[in-house]
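Take a look at the structures below.
There are two complexes below, and they share chain A, which is joined by chain B in the first and by chain C in the second.
After this line comes the complex of A and B, so read on.
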């Protein structure tokens, strides 16, 4: 057996290894330890798995988990479907294409907190622009962020608006890499535009789809800033997600408990994303 | 013993004066962003600088609420606390582990000026004083609009039933009876927290038993009343239409200017009105949250926050001198003149002659023994962090009062366990 020797000496990797272990490895291990303690920043007392038991018993946790999954899948699905459609439109050579691309991408550049605060003003139940405009044409606007049945979906809508630009951009790059030969061949064979979209574009743009779905799922699962800026998980607990439940434990000074919550979030993301990427990658090989 | 203390103190003073003559001192100060806090500290620092022109203050502000709690704890734990900082008294103070993290102030010359009622809420478990009162005591109750009351010929209610009858008349007159501001979730807790006078008059040992895990909100009818009150007023449709999104400032403006008749709140809201709608101050009245018995009508009170010094800081000696002065009657009256929104807790410290109407409405409760009771958070270290979300749920019709109380009982378990209380 031949042991393949790296062409570089070990000290080459030292700087990266030091940075990685100090900034990533050590905190990760420390958080595993602190998740097993009752920690008040001044002292930590080992209590075994009590924090995990407590966190999983949180009455708002189940609602938060369901909301997290709804949020992640809804934003991911809408972004990938509308992102692809917009990308097709914006690569079709329509008028002012460059300008429109910039307009679509613009919300991505704005700070999430800024977007959240702006939309919570726009969605104010009585003074917000949206409901004032609706009432001007005789429609009584709902309490976008104050109706417990609606709050989560209003935030999803804003997240979709804000993240659509990035999905579109990735799809535009994906579309650009499809060779025009395929379309030419399809046209010679007499394919319609719809057929070309479903039989040529969708399968060949798959790498972009994988990127968009994975990124937006991870983003959705750990989303926090927009929700916090818009509703703080309210009214009550109706728009709480896993990350906001964790943050509230931290705010209340339950540092060990919130660390345990973070470990659970880490495991949950792993459990959803790992099989999914494995599945995507296998399909790619089969193609 | 006394002699030695005096001599050491004297030598410290001499040493300090010598150093003060050489260099000016800048004390770093950490305050929350409340407008009353800023006004109080300005009054305090300005008059101190007249005595000690060599001292200047570098004031830094921090968020309030639980974000502020974290910041204070983190800075204390990492040894990066300002020379002087302002923070809550009572159970939040205890959570700072005062005997380890804060400077002992019991040796200050003016320490004896701190009134007994306040001393209790800034004393570390080892029996030493760690904080100086900063600001007026507050009442938790209901602000009302005096104009609306006069126009409709209403009387200040002494029982909850009278209060609801007033609400019905106000609603019939086409006005908003109760302002609610769930855009700031903490404002939703008042009907529960301000009901504690009524709980403690009915069950004097509720707080002790509560801390010992022997009584619960859900199974104690008189404690459950607070949650039921929210449910009742919500079901009666008495709120402003934007109650889910309105903020604390909106609530104060509404009740002061007559857009709403009532707003349950702590009296520190007076400061907000005197800053934003001073012309409306005479119309702003205040009464205690009524219970079921008119003969037992009284006010739930909140202690003000305190000024503290960390156990270790660069300017520890100068910081203590400032705190000593802050505990003097003279300094207290400077604060009382700047923010006359309630009684001060330094002995013989008097309020200025002209005070807002709502403050005069509140003072009688303090003048009769037994008509005030401290809020639960000053008697028990347990306060569940999710109460404000739970009360929002009740007020928004998401959860019933009984369920809410049971959920809150579950929520406080975490706090009790984190504090390591026995019996939980």
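After this line comes the complex of A and C, so read on.
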């Protein structure tokens, strides 16, 4: 028997596999061990679950955990709802449609740090453009980034501003794949515009919804740079999220604790995304 | 176009203009103001235009740090995108052409790569032990490791559209595996390659978090790190800070104007069930 060599050799995969294993898989596996230690990069002392216990005991660390979940769900929900509405608007043949798509999409490509700095200036409590404009029409503007109860939501608003274009774009691609026959049939049956939206568009644009929700949830759970550019997690710890806590613990030299934060973030993403994906796949619609 | 579509368009454009365009106009106007004028933070026409003064002053800051940053960012972006195209195409090719038990494993890793947040401190530990911490080379490999999953997915689905007959013809002609890939397949991947190049370049050029962790130190600054450092230094010189923001915003704007279609293709991959 002649063993024929495949024309698709596995060594093609090797260079990528080496880089990915050494710089991504190995650190991920190592993090499980180092999160159980007190660690200074040279020697690691096993301390069991002490880092995790500390994470769940310190009020500001728990605050970070809660903020992460709020941030991810708020950005994901707003982006998917408004993304779909905008996509419907921008495929309805209105004037300057192409230009509008470009305008809404451009912030996606811009530096997050640049956006963060710009908006922290626009949101300045007394001199910022937003509050000056609000007071001109008689509304006292809030301390967007200085009020601890509001800071996180102001950053969420900016994240929404920056990411809406991507959600819209994905929905536009999704809408384009729906056959016009469905709308034609619905129209003959006498469906109203609202009925068509909820009975035809929403169910059939589902693959796009899955993409938007999944991408923005993962992005939201991991988000760091916008928050870091705008508030550094402040005032106090009011806008800290897991990723900023991880960075702060790293800066302070608590490498074990920082790594435990990483593992918690990893588990949180898994606990939210995996059941959701399973649920999305089960409820597949057949039309 | 009906009257209704026209007026809806006009209103939408007005609203989008205020929400999405005015912030960029604000950046532009503040960037050309004098120091005193910019410190007022107002949305107003500059009293005097100081475009060139501000530009040269920003470039000269900290011994031409911004020029060094542009150099470093360009090197990192070009090198890592080159590797991402090569590695992504090779993996996507084998993955699509050779179904086997390994494919499930590779897919699991691809999904893990898209989902799992990198474990930063252990990564630093590994980079240190192989002597790549705080080096541009290390940064390039990090970007490759983190961007690989996305590249593989895009290449795999594009390669599925290339008929196997081409491979077979090359095999009959006696081509070796690497010849089939580099001479026959790779040239046909141009559309998806452009998409990967554009999308990955933007995300690597704009990356802040990874250089912050893996590339500390003055001589290694990247464009985004410089902007972040200037935020502290230019507390009272908003004109210079915004000139810097303007400079960071221009490269993506140029790419956007020329590669709009490829960006859209890359970023909406997966929206349609396929």
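The definition used in the following text is that the second predicted complex is superposed on the first by the 266 of 287 C-alpha atoms of A that agree within 3 Å, B and C clash if a C-alpha of one lies under 4 Å from a C-alpha of the other, contacts with A are read in each partner's own complex, and residues count from 1 in each chain.
Assume a residue touches a chain if its C-beta (ideal position, glycine included) is under 8 Å from a C-beta of that chain, and two chains touch if they have at least 3 such contacts.
This one's a predicted model, so the numbers in the text were calculated from it and none came from an experiment.
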Touched partner set for A:273, first chain B, second chain C, both or neither: second
Touched partner set for A:62, first chain B, second chain C, both or neither: neither
First (chain B), second (chain C), both or neither touched by A:202: neither
Chain B versus chain C as contact partner of A:237, first or second or both or neither: first
First (chain B), second (chain C), both or neither touched by A:41: both
Chain A residues touched - chain C or chain B, whichever exceeds: C
Which of chain B and chain C A:248 touches, first, second, both or neither: first
Touching partner for A:127 - first (chain B), second (chain C), both, neither: both
Which of chain B and chain C A:148 touches, first, second, both or neither: first
Which of chain B and chain C A:265 touches, first, second, both or neither: second
Chain A positions touched by chain B in one structure and by chain C in the second: 41, 124, 127, 250
Chain C to chain A touching residues, read off their complex: 1, 5-10, 12-13, 16-17, 19-21, 23, 26-27, 30, 40-43, 83, 86-88, 90-91, 93-95, 97-98, 102, 106, 109, 112-128, 130, 141-142, 144-146, 148, 152, 167, 171, 177, 180-181, 202, 206, 208-209, 212-213, 223-224, 227-228, 231, 238, 241-242, 245, 248-249, 252-253, 255-256, 260, 263-264, 267-268, 270-273
Chain C-facing residues of chain A, complex: 5-10, 12-13, 15-17, 19-20, 22-28, 30-31, 34, 39, 41, 89, 92-97, 99-100, 102-114, 117-119, 121-122, 124, 127-129, 132, 161, 166, 169-174, 176-177, 207-208, 211, 218, 221-222, 224-225, 228-229, 243, 246-247, 250, 255, 258-259, 262-263, 265-266, 269-270, 273
Chain B residues within the chain A interface of the complex: 66-67, 69-70, 73-74, 77, 95, 97, 100-101, 182, 185, 241-245, 385-386, 389-390, 392-393, 396, 398-399, 407, 410-411, 414-415, 417-418, 420
Chain A to chain B touching residues, read off their complex: 38, 40-42, 45, 54, 59-60, 120, 124-127, 143, 145-148, 232-238, 248-254, 257
